[in-house]
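Order of writing sets the labels: A, B, C, D and E. Residues in every chain begin at 1.
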Amino acid sequence: MIDAPFLLSIIIIMPLLLAVGVVVSVTQRVAIKIAPWAALPALLAGLLLDDGKLQLPGMLINSYLLFDHTGRLFLLMSAILWLATGLLHQAHSGALYAQQKIVFKLLAMTGCFFMSLAGDVLMFMTATTLTGYSLYGLLAQEKNTTTREAVNVMLVVLVVSDIVLFELLQLLGMHAVSVDFIAMRQAFVITEQMNVQFGLLLFGLGAKIGLLGLHFWLIPVFITSHLALRPALISFVFSAGFIGWLRLFPLGEVHYPAIGELLQWGAWLMLGYALLLGVRQIHRRGVLAVLLMIVTALWLSIVAAILIQPELWLSLNRNLVSAVTQMGLVLSALMIGQGLHKHKPAWKHRYALTLWLAIFLLTVAPISLVSHFVSVNSLTVASLWIGAGLMMFILWRTHFMLLAAAEASSKSGGHKMRHTDSSVTHYLFSGLVLVGLMTAVPNLKMLSMFTVFSLFLLLGSMLVLAWLTRFYKPTEPSQLMSGFIMQQFKQGRSMIMEMTQYLDIYSNRLQKSIKKRFSPIFVLSHFSRYERSLNRWSVALIIMVLIGLLVSVQGLLNQ
Amino acid sequence: MNIPMIYALLGITLFSVGLYGLIVREHLLRKILALNIMGSGIFLVLVALGKRSVGDLPDPVPHAMVITGIVVAVSATALALTLMLKLVEVSGSAVLHDAPKERS
Amino acid sequence: MEAIDIALGLFDLLLVFLLLWLAWLVMSSEDLFKAIVLFVAFGLLMALVWVRLEAPDIALAEAAIGAGLTGALLMAALDRLNAVKPMPAAAVVTSAKREQPSLPSKVLPLVALVLIVLGLGYALLSLPDVADGLVPNVKEQMAQSGVKNPVTAVLLNFRGYDTLLEMVVLLLALLSVWSLGGVRKLSPRNTNPVLASLCRVLVPVLILVSCYLLWVGADAPGGAFQAGSVLGAAGVLLLLSGWHVEQKILLWPLRFILVLGSGVFIIIAAVLFFTQGGLLTYPVAQAGWLILLLESAATLSIGATLAALFFGGIPKSRVDQ
Amino acid sequence: MGGLLSDAHWGVLLILLPLFGGLCSFLWPGAVKFIGLATVSAVALSVVGLGDQLLTTGVYHHAVGGWGAPLGIDLYADGLSLFMLMVNALVGLGVSIYALDYFDQGEARRFWPLWLLLLGGLNALFLSADIFNLYVTLEIVGLAGVGLASLSRSGAALDGAMRYLMATLLGSLCYLLGVALLYHSAGTVDIPLLAERLESTPPVWAALGLICAGLALKTALFPLHFWLPKAHASASAPVSALLSALVVKASFYILLRLWLEIFSVRTEGVDDLLGALGMAAIIWGSLQALQQTRLKLMIAYSTVSQMGYLFLVFPLAAAGAFSAWSAVAYLILSHALAKSSMFLVAGNLMHFGGHDRIADLDRAVQRLPITVGAFALAGVSIMGLPPSGGFIGKWLLLNEALNQGRWDLVIVMMIGGVLAAAYIFKVLGFAFTQAPVTHEPKGVPAIMEWSALLLAVAAIVLGFLASPLMLILGIGETVQLMGAGQ
Amino acid sequence: MNWHTWIPLFVVVSSLLPGLIIFGLPEERVGLRTILNLTGAVIKLLLVSWMIWGVYQGDHFETRVALLPDLDLVLRAGPLALFFVALSTILWLVTTIYAIGYLEGSPNRSRFFGFFSLCVTATVGVALAGNLITFLLFYELLTLATYPLIVHRGTDTARRAGQTYLRYTIFGGALILLGTVWLYQLTGTLEFTPRGFLTHIDPQHYPALKIIFVLLIAGLGVKAALFPLHGWLPQAMVAPAPVSALLHAVAVVKAGAFGIVRVVYDVFGVEFSADLGVTTPLAWIAAFTIIYGSLRALFQDDLKRRLAFSTVSQVSYIALGVAIAGPIATIGGVVHLVHQGLMKITLFFCAGNLAETLGIHKVSEMNGVGRRMPWTMAAFTVGALGMIGAPPVAGFISKWYLGVGALEAGQDWVLLVLMGSSLLNCAYFLPILYSAWFKPTPKSWPEEHHFGRQETAWALLLPPLITALMALAAGLMTGLPFSPLEWAKIIAEREFYQP
């Protein structure tokens, strides 16, 4: 392992240089060629470099790049996913796709790497906003209005969550001695209004990973996003959401059983809601959005457990991170791979095999963490098992529905996807699943025989259940948007617009009326009448006499 | 109430009559006359009060002042008359209008 | 003795009453010509008052300038006024009636008038009965003044600076009149023989009188201003009788004479300034001569100025009349 | 010449020179411009001479004819009169340079003699210490002013001149009656002696009343300002500059001088009356100025308003503080410079455009940048914005008013400043906008533009010369006396 | 070394002299005029950097000229003064380049550049003023110098805008004059002393001091566009773009804000004014202006009016920072002085570019403009993000310090105001970005000028990019020793909170 922290900076500088290259017309052609491989240095660094810290002298307020275990794992995940995005982009759009897209892509990539390497809070905020806005730039390129609307909602949520996070950091900043994560965590520990700050954290970070109240943007964006952008989306969501938790929230150092209980029940609620949504959801990527919600629910239950028994954190830390990255990779694999079987019947068996493996890996990740809680917190164990079961059930159900749909369409001769680029997706699909397998290896070792057996039992039962319910089709497809909240949002916006519009109109009208009534000419006109009378000789001289008399009388008085 | 005091009182009455004329009468020639009468009134006051000196020689300084005053009065009157004539030539009336017409 | 005093007292009261009545008439008379004639009469009575107040110099000046010349100027102005805008008597009356001054603008001045008279009267009455002012100072310094007549001494020596400025005032008046451009020439009178002969007799006499007044000024009432005004009267008489100044005198000599009075004064002041080191400090020995020189120059220029003022505009030569 | 220079009587020179110049220019109309300019510059030099003489030897005192106070007439020059002489010299120089090119041949021949005699009269007025002598100089200034005002012989000019003549004569006669009363109650006409001999007896009060009324009429204080706008607006430009800057100030100077010496001890109520009239003048003058559509009338009304500022000093002077006097002297100098520059600018615009309607200042900025620049700088001084002399005057006056807790004066001064800004920027606003070109513009000679600018710049530079000028004001104990007296 | 006494004067003269010369230049001498302008700017930059280096070492620069016997004009280069002078000098250089490009071929440019240099002289004077009287002198000079620039176009609307501008500023000037005289009356001195010179005044004058504070802040508030007195700013947008860029984003508005900082810190002293109880109402007004400005900006279809209202709200951040009497909040307020200047001038440059090249004045006409003018819109985006407070660009640092400072000073409600204003900023900036980048371009632009290959003239394009980069660098590189933030810290520690 090379101990050279300065190499870390290359990870960030490389994509930026390429972005500049793309913009400058001279080097545009070369830069576009290299663009897809921009994630390579991050991958190599993730593999070869050992932990370290790089102090950036001028940058922000004494900020530095931190490269530790969680950083490494998330960096690897983002690197792989961005590599996949690059390849998919090149494969799918073929021709020299819009220069604007590449610039946004490279910027988003830099942002993601920055997030995993950020050593201090402000750097992390910069990275999140950079990625958020450039991803928005990428997603908003689509022509049809529904995607536009969905992505706009996403942006609004992102911006609001950023502002909330910024306020939280300011609240912490008051107590923190400096701006980096460690100091922030101490600040978190010693604050009095813990619940206010935890609420802000939950809102700020939850918005990105689809917390219950803020999940409405997730499904539409997952469904409408362009094929090549899906891995990037997952990488942004996972790193923006989970790195924030891991770095900012002092897991293991703070003991708040009250909040823990509340969070636990929140997680249960989320799981129930996810089940409801999953069943009603027919679109294959919509389902994956629900899966993401389930993952978040599991994460919250784990956090709740740690809040109740902080000492669990030490042992749990490493596997939790690897489990999360594993789930991320598998989810992104499913995002690309699901539904591939339609156009390449020959690859059907390989596809079925990888799908099975993916589902297995996805569900085994939470189960592998069960061993930590088995003796301590039964509720968390139950939620983990239920979560895994739910995931399996929903995945299988969508798989069977896809199979049924495939038969129906093959009978009616549905449209054929373009064949050429689907091969790349195949390879990437299986590649990502294999990488997921590799990250899962350390966790699998932890599995006891009993858990493996019960896992397979669960797998079988879920398979049967999914097979039975594959014919139940929800009557009307769930709208693209979870309608109700969107309407509220729209009406609220228009109402505010009108209210402040009146403010504008009234102030103009007020100004005009003042000008008309008290205009100087109006006031002065009746002064000129007095002036004319003053100009008459007799009046003036009488006044003069009066003044003379006044003066002499004055003299007499105070003689 | 000796003689000089009477004449002094006459002087101030003449001054007031002149002032009254100046205020009330509108024709410029009359105003010039009024000014002259006021002037004589003031000269009267000057010389009359000068007479109160003991001995036979009345105070010569007011006399000198009055002679200067008379010359100044005549030059002012001459100028006023010429100005009035020019004004009449131009504006046609020897009365200082309060310029309602020229109020632009 | 009392009889004379009583008579004189009665005479004074009569004079005071007459003057007041005349002043009121001048102010309230409707017809301008009448007003001017009354004003001339007022002037003559004023001369009488000056005699009563033992101010012979002023009496002379008042008679010559106050009554005579101002009267002439007013008459000439009225004549020109009628020539420019023949003012029908009715027009004057109607104009007066049209703007019949409303009651307050009539009563208010009267009230103000009465207040002024009362105020000033009270002020005068509280003055001490006997105050000899600057008489002692004048008596002391009379010796050095170089003249015997105290008024001339004050006028030309003690307060010579005032006289210098006064000459400038006279010149200024003339300058302004000339800068206003010529007024209409007097309406041409057919020079009737009586006026011509009177003029031939009277002018030399007037010139003689002015010279006498100039000379006697040093010792007795007289002096530059009285002499000058008499000379001016002579000039007016000549102008009235249609006499015209020749071309060649018009340009430079006339201006020289007009400027002579103040010019000499300033030159002497400058000379004295350089020699004596002060403004108008006459050396005691030559004081008398210097005053005489000043007075003669002043007489000449006053006469010319007063005549020119009567004439109105810049006298053009006969050619471009 | 050395001996002559050091102890020479510069004062006498100041009086004789202009009179002599006036006579020569009357005698030799051909060389009138040369004589005029020579005399004015000679006067300016002698003012400088007098200045350094005063600085070295203190107050200048000269008995005319060697007769001494009660009998003869005294010339007296202290800080205040030197300041006024400086105003004369500066504005006189500027206006004379302007007049070189402004008048055609005929008018020039009539302008210069009158102007030089006026200058002589003003110098005599500022130097004399004898109230009857002041009357005669007042007459000279009055008649010369009327002569100059009626120079252009237009209908409006004659009407204005007539009103001005009537007002001046009436004012002088009242003043003369006042002098008579003073003479007969104190037996002398010399100011220092009067100061010693006068007690508060009824005649003195009557005299005070008459003199205040007469001089207020001549200074066009608020209710008696009816003659000023027409006279100053209708006269030709350099003449209205002289009238506004110098002549109006002369009668104020006499009132100030008499107040300083004779009356201040006895008057409590009267100075508040004058202060009240001053305040009314500021407000009324500005309001009227705002309404005028013609530039020269506006500037004339602005004079009425600015004169109000000068009268504010009377209520403050009761405590005899030195800063009140220096404030008023400063205001006089800066107003004289700024106002004369403004009238010269108005002259330029009339000469260029044939009219001075404010609304149709057709893009004057583009065609006459120097003139509009001069107007702007002069405006800055009139408004009392910082870099200018007007600001220093306003600052001192404000300081003094606050010192004595006179809040009414402070408020009025503020309103006056804002109103002044209103009507000045109204003109500047129009200078930028395009108006329909109604006439064929006539070129304005460079001298006329530059002399206007020179005066305006002087008003601004004045702002930076505060301390040396205050030193000059300090000469002569009259001001200190007042201060020390209280 | 007597050099130190004359440098501040040279700095002021270095823009006054070219200005006066340019006034005299005939219209067609473009080359000479540009050289004069640029040399003036460069000389000033060098002098300023020399002074910055000097002050950093602790030297003392002061020029003293006697104005009145006991009152003199002082030009003193303290850290705070240099902070503002550096900002205005750099931006003057950039804006001159921009103005040369913008006014190509338009009438009476000599007059324009003359007054332009006068404005900068006045701004530098305001910054370097050592006592309240000098401040007042240059403050009024600024009013006089900006008026002709506003009415430069000579149209009737310009005249009316000039009229309203004057009505406000002259009124403000009068208030300040009254306050200054009264203060001079009470204390006898007007020198800016680090912790204020009013501590020794005996308490019975306190009500008077309160009124003086209100007078001064109202007078300064006119230029700093605090709520009731902001009416002139949106109307002054009728002026040409470089005028509205330098003056209404940097010089005039900042002079007002800088004045408020000076009055609160160097005249009253922040502790004294806090326990005098005057800072909280100021904080309330500033907060209300922030919200009001943003609300009004929401509905202005005219781009420059929207930016004007956003200036109204942004400048009140500085007032807010000052009013929260805490060291960190001060740093936030003072550093926002520079950050807001950099960001806002970029936005105005871009607005000028759009108006000049494509004839766009309305926000509704800006669909797809990102494609036609990508670089200008990139600069606009950087500026807009900065305004919103998005981290990489400079805006978020000042918001960060303001927020933390407010909390430290115990004024929690300020946090809500900051949050609300950030939201509103997003509400009126993001739609512009969205419509510029993602909406289809219209068939034709109102009046399009083509400049060969690049999107617009170099002189128009370079300045916004430079200022955008500066804003980005001020955001990213705040750690560097001479960055605005470090300098603000020096100001806070040296000038305001000396032990």
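Just so it is clear, contacts are C-beta pairs under 8 Å (C-beta built on N, C-alpha and C of every residue); 3 or more make two chains touch, one makes a residue touch a chain.
Just so it is clear, the structure is predicted and the values come from calculations on it, not from any experiment.
Asks: What is the graph distance from chain A to chain C, where chains are linked when they touch?
Replies: The fewest touching-chain steps linking chain A to chain C number 1.
Asks: Show me the overlap between the contact partners of chain A and those of chain E.
Replies: D
Asks: By C-alpha centroid distance to the whole-protein centroid, which chain wins?
Replies: Closest chain centre to the overall C-alpha centroid: E.
Asks: Tell me which chain's centre, taken as the mean of its C-alpha atoms, is farthest from chain A.
Replies: C
Asks: Distance-wise, how many Å sit between the C-alpha centres of chain A and chain D, to the nearest whole number?
Replies: Chain centres of chain A and chain D, defined by C-alpha means, are spaced 79 Å apart.
Asks: State, to the nearest whole Å, the distance from the C-alpha centre of chain A to the C-alpha centre of chain B.
Replies: 101
Asks: Quick one: report the Å distance separating chain B from chain C, using the average Cα coordinate of each chain.
Replies: 12
Asks: Once you find the CA centre of chain B and the CA centre of chain D, what distance in Å lies between them?
Replies: About 27 Å separates the centre of chain B from that of chain D.
Asks: Give the residues of chain B touching no fewer than two other chains, as numbers and ranges.
Replies: 12, 15, 19, 22-24, 26, 45, 49-50, 61-62, 65, 68, 72, 75-76, 79, 83-84, 86, 96, 99
Asks: Name the residues of chain E that each touch 2 or more other chains.
Replies: Where chain E is concerned, no single residue meets two or more other chains.
Asks: Residues touching two or more other chains, restricted to chain A: which are they?
Replies: Those would be 535-538, 541-542, 545, 548-549, 552.
Asks: Pull out all the chain pairs that touch, please.
Replies: A-B, A-C, A-D, A-E, B-C, B-D, C-D, D-E
Asks: So in the complex, the part of chain D that touches chain B is made up of which residues?
Replies: Going through chain D, the ones touching chain B are 71, 132, 136, 139, 143, 146-147, 150, 153-156, 158-159, 161-163, 165-166, 169-170, 173, 176-177, 180-181, 183-184, 189, 230, 293-294.
Asks: Any idea which chain D residues touch chain C in the complex?
Replies: 9, 12, 15-16, 19-20, 22-23, 26-27, 62-67, 70-73, 75, 110, 113-114, 117, 120-121, 124, 132-133, 136-137, 139-140, 143-144, 146-147, 150-151, 153, 181, 183-185, 187-188, 201-203, 205-206, 209
Asks: Give the list of chain C residues in touch with chain D in this complex.
Replies: 119-120, 122-124, 126-127, 131-134, 137-138, 141, 154, 157-162, 165-166, 168-169, 171-173, 175-176, 178-181, 252, 255-256, 258-259, 262-263, 266, 269-270, 273, 276-282
Asks: What residues of chain D sit close enough to touch chain E in their complex?
Replies: On the chain D side, the touching residues are 363, 365-366, 369, 376, 380, 383, 385-387, 392, 394-396, 398-399, 402-403, 410, 414, 417-418, 421-422, 425-426, 428-430, 432-434, 463-464, 466-467, 470.
Asks: Given the complex with chain D, which residues does chain B contribute to the contact?
Replies: Contacts found on chain B: 12, 15, 22, 28, 31, 35, 38-39, 42, 45-46, 49-50, 61-62, 65, 68-69, 72, 75-76, 79-80, 83-84, 86-87, 90-91, 96, 99, 102, 104.
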